[in-house]
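Order of writing sets the chain letters: A, B, C, D, E and F. Residues in each chain are counted from 1.
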């Protein structure tokens, strides 16, 4: 199995609902490093998993929908945990892969994993098939 | 599949038995960065894999049993290799997850992976189901 | 010249006033890795610059005043840029060093530098004497 | 499942054939951080996956065949993408594991993964069984 | 003293002239992480050292002149060592700061430092006043 | 001012004397990442600060004197703090630079800085002139 990963980042505000979140129920924020991994069983004709320039552009486009915003307004009523955001971004990338935005290679992908680092000591991932 | 990872570290002394270890048969030491990954198929009601505060506390508690010690005394007669320590910590976290120390989410975990970085150029992991 | 550095982090929301900030005028957030460096010309009797446990505690205490908050409320009317926050934290640490909170070594410090990483591709520092 | 990873690096020149590569069709270069992961279901008698000293030597030997070279000459007519190089190195390590160069533990390996970081924002992996 | 740093990267081919370079006399390549640090004694009205968006754009523009190229052709007859490239980029940024491309804050800068990381185990810097 | 930095690491055991060290008075250990920075006002004929291959070899030789040892035996009666070790290594490198082991460039150095990272959240430096 091959994979290619590209990294972006976003800086967002949000708050959480639920006692489990303790002081993080207050409005606060985070820089998320966003790593998107594209998996594929075989390489294409050019010896690539997917056009890495397109992969970077699509990830940047998905991240731009959230970047420099208050997620309590962008996704109201949702606990935008790191786990949730990893799935949200993975699912958006999956749509784009299926619709051809990642080029021909994107339609051959076996899966996508998105990892969000919320600090140097905590991160979360969501892994899905395509 | 979702996962959440938290990082701790510990600073220990130890020595190894066996020619394969060469000069590492001498008493020496290591800083281990300890990454504990908790995997779960679905998110809980709060959109989390597990209470990350509890996850961090439990990892800190497990690491504290080893931190700032000579492992030749803590675990006598054992080659406390990076691989061994990764399993040791993963198994201790698994016990705590099953006993409810990680909260309700901890009982829903599919697996745990522990990665120990012994330097910027070498690390080891142990991955297990729950 | 000797120095010792300890790292903490904080997750905050804030917004900026001024056209120069572009889309960052919106409420957003950041994880700041906070590195506090304590400089001293000579080592003390214990071969240390400063008690690193105390240094870590004091940095944690200063960071805790800002962590998991909306800085627009904590420091109203201020552009809490990365540069500004680096000075803010350095000045708070300097007060604590002078008042003896860092132990005897803290009174012998030549200077303090605070570096805040706002992402993997941008950071800011403030360096001062004591 | 256990794993052990060692890191090397190499500095190479190359160019790509195909419009998908855009300006990377020009002769350029890269520093690749090369992480080789050796997986094994059970630990051996010494509590190790594989002799890490041997693992490091074998990885260094494989990387040395490419390091400080123009890959357009070493592997003519091939698009030496990050993905391709990950497989190339993994396959060379697999040969060495099977031939006993990694010691007895090397013959017990379940698989090898090689990850090549081409920058702080892009990397690729190839994972195979043994 | 305040400073702000932004990071870019470039992927180049080059070769060196001189026995001191050993096998690096061959055509090879490197990914350089390029960190540009802008220093200033006081903050401006907006609490910033320099417009970080402009700083990033100017650094990107300077790096783009070298990125994905063979430096033996871009700068013929020059040993484009990491040290040399750090100065080259710092000097180009200094020109742009003086000419106003970094905005008003750019004219108030005390100095610029450029650090180029050629791998995870080697880097070089050039520090200059303005 | 130019500088070049090379990184090594060492894995040592040691204990500290003095109440200030708390539980670190027990025998424990550390992996130290060792960064040696060589500073020089002007570049030599080859556009280098110092022969980086020689710099790496000399640093490796100095580190090898301490690596995989119990520092309580190597340097008895000394608190081998991170700060102390940074100076120890810097002074050894300075001797080697003056004696010509770093080549002609080594005699032109303005200074040396050694930084030891004891974990991902703590490090210490010693900076000296030559």
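Please note the rule applied: contacts are C-beta pairs under 8 Å (C-beta built on N, C-alpha and C of every residue); 3 or more make two chains touch, one makes a residue touch a chain.
These figures come from a predicted structure and were not determined experimentally.
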item: From the options C-E, C-F or A-C, the pair that copies D-E, where over half of the contact pairs coincide; value: A-C
item: Distance-maximising chain from chain A - centres being C-alpha averages; value: F
item: Which of C-E and B-F has more C-beta pairs touching across its chains; value: B-F
item: Distance between the centres, which are taken as Cα means, of chain C and chain B, whole angstrom; value: 30
item: Between chain B and chain A, distance of the C-alpha-averaged centres to the nearest whole Å; value: 26
item: Touching two or more other chains - residue numbers and ranges from chain E; value: 7, 120-121
item: For the chain A and chain C complex, residues of the former touching the latter; value: 7, 9, 11-14, 23-24, 26-33, 67-70, 118-121
item: Residue ranges of chain E touching chain C (in the complex, touch as defined); value: 1-8, 43, 45-49, 51-53, 56, 103
item: List of chain C residues in touch with chain E within their complex; value: 16-18, 20-22, 78-84, 86-87, 120-128
